[in-house]
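In the two complexes that follow, chain A is the common piece, with chain B as its partner first and chain C second.
Take a look at the complex of A and B:
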């Protein structure tokens, strides 16, 4: 807010917008503080909950880096083909599993991404998909880093579920301070009693967490009709099953 | 409704006194907080589905006359529309039966205290202290620590309570979300371009007899938009903007009702410091249409004594202890400023 400080003050206020200062922040300050105050990656996926509404319309956000030999237009084309060739299997799987609202495959740079919104338990969701469209997973996962260890997925069900879970993005909570609670849950809450946190450190904690979890989902998603399952929507719309 | 679960009158008086004692200036004839405001006339029309969820008279589908008072949350006689601050939206529904009911909401979606004890603790920290521009060297030090430097004071801002409130939040995790969000809240371009949340849980009864825990929010049809924080703030624009806006076209708000779930922990239902997850079912309960800013502002807003416990058949308060405390504190405040009791109140 320009309100008449000294020239030095005004210059300092503008510092965060200066390219050289941004570079210094990214190359020096962030690595320094990451070294001084190490931050572990937070686990991905939806949070477990007993609440019915929390178990509907959950998000899965898989980011799977293509293998080195596939980091090229040819490799990306292979990934696109793997999806295109299996279109019927995917639709059949969606109809049979019955708990998936949406599923999308997206190529971003040299990553193949699968984003979906599903009802119910995560492991059961993947288990059902392995049973119905395991061949699609195999076709995609064989193109990505670390994928060879878990395919064919039908024969490595638990390992495959764990692999998927590890590639699922951390979902930053809808409320900023709940992110602090996630860190405390992961690292152990070192607060003494009475608590005396330092909320001014929240920006640094967020920066360092986003260094540890470079890809994240921001919030739990914005829903036009929260609280309803695929089955309820289809029933209410008279679409049958 | 007004006889349920009394808070000691002395406690309510103490709450109001403590708030007033923390203000740099206070006019006894005015509200201790949300002092500066503007009254607006309008009407509310319930949605087609509202009555299914709540049998209260204003959800029956008839057009309901409404009086709304928008306000800046700060107490005291000084007006600073452009300063970052929570805003209030108090709505009185004037029902065809002759009764009235109020819905009081703010742009802050959560409160910073769970109960009266917490609130008294907050008032110990909520003290104005001299507020000065940080030195450039201090700002650089903050940046080197990946902290956000303290904002520069607004023109004319000599004191504020931000340091004390931050200390309170550091010591009380339940209050951190509200304090954090209040710090970032900014100033709306218009009172009609902010979302307002009633914070507390109420219990509504549907036409099927089912009782549900719910929370209400007003969503502006014009969308949410704040002023640019990088330009010097304007101290006096919100009333004129609203007047100008309504001379051209009505402004509308959708009343959204979020339904708590069976199995929600009792603390989450009754604790105003805890937001409900975004995954709870939301129902459109109706539309509020604002039509004009009356010239007689005393009648339009300043003389109206809102109270979150002014409820009618079909809506009841939850066990939220802050909601309970607000009932008596609002009444104390009304009496202290010589406000008139609600002529429509039949309870």
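Take a look at the complex of A and C:
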């Protein structure tokens, strides 16, 4: 934060640290801004690179709230069982789809979450999974809010893929100006607006966006090595592909 | 057995005796007049050209006429919103919104497409006329545009099939299409690929992915037996392609393993005389495509073109002489090993293409002001997402299907950059020679996703 010269500047700069101001910000200021400047939720999922060779090891972060009747220890246990009972099928599916590095299932606060790392196009990945182990998706999604509308997934392929896409978290770009670009692309704006865009100052646009997208992925995942496909790794390690 | 009279004829037929093709790109002017035009087109009433169905009966038509509607076109006709909602996302969004999946980026981006493709929302209907000569094309076009209240002509695109089915890069094309279950096999070529389920090309039928059905827009009369088409205007840089073959031939000429690719003394087998340079050019051309320019598949004849080799009866199972990254193998890996094991044979497409622009004259090579030439391509399948887009984004570009090509793009039609492009030429010993530095030979100059409605659906839309 820049150093203020006058006592007033210093006072204003200190405001975000004051408890009364934090409360006023959360309960009055942000809702007022949001009312004045409606912000649409940004769509989720990996951002395909225009350099096709870079579309390897993309991240999917699904957060699926359990149905009301499943928001309980019993509901959470049902979700845990749905995964455990299908473990063999999940391994078989990973093997046959061939483009998924990792798939993790996590329960957080009555949400069942599926995090995965996959190669190539998102729709192809989900469609191939439906074709291979659609029943596993059905067993999980039937426990989730809104899931009944899209199962059995084998008979609702297009709607199911769209539903999954809508539950995939928005991935906040590492470069914050790219986030503004996403916001403006969604609104159909062509020029990047110069207002309130000082990204060192907790800009209003980002606050409002994180109000619209309460859960987000920060960045698109960080790797210790360049992206390789599942098959490239398997081939290199002599595991067959 | 499918009722062919309910299908538009261009889905299962190539109209090979009608070499002249013209596309009329149309915008609805008045909804009621456009609907009347559609109703008339089913039977050819009031002078409107009659839609050619898949069943010609006893009389072969002199000209053929078929239509495709964009999502904006369906909206302009007043299709009920409950029906519109049932169309798949990729069709609703349209081709321009899917640019990154299709490699339409940089100079190929839709923002750079010429008229009329620079205003995709105005493109409502694409009508195609197939005829034996230009006079017939003009006559049918005149009849199609008689009622100015129905459609406004935004622009046309026109192509002509060269003799011998050769296309601009000098390869023989139109060799084979998928054969379908329940449809008489008009090609009667031996083909090692299994027959494709009808749901590969028509909505409302079982697909290649067991248990999976694509959503059929309701009412059934609208969706059943319809299909989708990716119409593409693909400019081909023939001079650039030929120039690259020269460059690659020089590279191989001095390459230490070049002798393994073409043993000294074997030059004449390639069919281009005794010149080693000319023979190496053809070897590169054959490997990039997966076929020699006369259509011989490398999978059956890796050393030289063979007029006696089957053009269709081959596969990539086990060791094959066809490079993993060759164009025809990338687009259709047949039964060969691929990463996505369930995807063998599930992304197949019916392809209907016609060259546009004058043939390239090799006697006047590398002239600066070459006229635009290329291919007017139609890629037809029941799911644009599961077939055309899946093939384009994971296979054609990226090369996800085989770790040996992952990270490279299709050498002929991929979004290539000379700084990063590469292609591995296989050697009999098991090694490879890597060809670098090729530019983009094919660029996108327009296109649209269209729905090819059944005859019943056209009747339905006409009666709205």
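Basically, the second predicted complex is superposed on the first by the 209 of 241 C-alpha atoms of A that agree within 3 Å, B and C clash if a C-alpha of one lies under 4 Å from a C-alpha of the other, contacts with A are read in each partner's own complex, and residues count from 1 in each chain.
Keep in mind that, in the parts below, contacts are C-beta pairs under 8 Å (C-beta built on N, C-alpha and C of every residue); 3 or more make two chains touch, one makes a residue touch a chain.
Remember, it's a predicted structure, so these values are computed and weren't measured experimentally.
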Chain B versus chain C as contact partner of A:29, first or second or both or neither: first
First (chain B), second (chain C), both or neither touched by A:110: neither
Partner chain(s) touched by A:234 [first = chain B, second = chain C, both, neither]: second
Partner touching more residues of chain A, whether chain B or chain C: B
Touching partner for A:119 - first (chain B), second (chain C), both, neither: second
Partner chain in contact with A:168 - chain B first, chain C second, else both or neither: neither
Partner chain in contact with A:157 - chain B first, chain C second, else both or neither: second
Touching partner for A:53 - first (chain B), second (chain C), both, neither: both
Partner chain in contact with A:130 - chain B first, chain C second, else both or neither: second
Residues of chain A contacting chain B in one complex and chain C in the other: 50-53, 56, 228
Footprint of chain A on chain B - complex, ascending: 133, 135-136, 139-140, 143-149, 151-155, 166, 169-173, 176-177, 179-181, 229-233, 259, 261-264, 275, 277-282
Complex contact set, residues of chain C against chain A: 88-89, 100-101, 103, 105-106, 209-215, 338-343, 346, 385-386, 389-390, 393-394, 397-398, 400, 402-404, 406-409, 414-415, 420
Chain A to chain C touching residues, read off their complex: 48, 50-53, 55-56, 96-99, 119-121, 123-124, 127-128, 130-132, 134, 154-159, 161-162, 228-232, 234-236, 241
Residues of chain A defined as touching chain B within the complex: 1-3, 5-6, 8-9, 11-13, 15-16, 21, 25, 29-30, 33, 50-54, 56-57, 174-178, 180-181, 194-204, 207-208, 219-223, 226-228
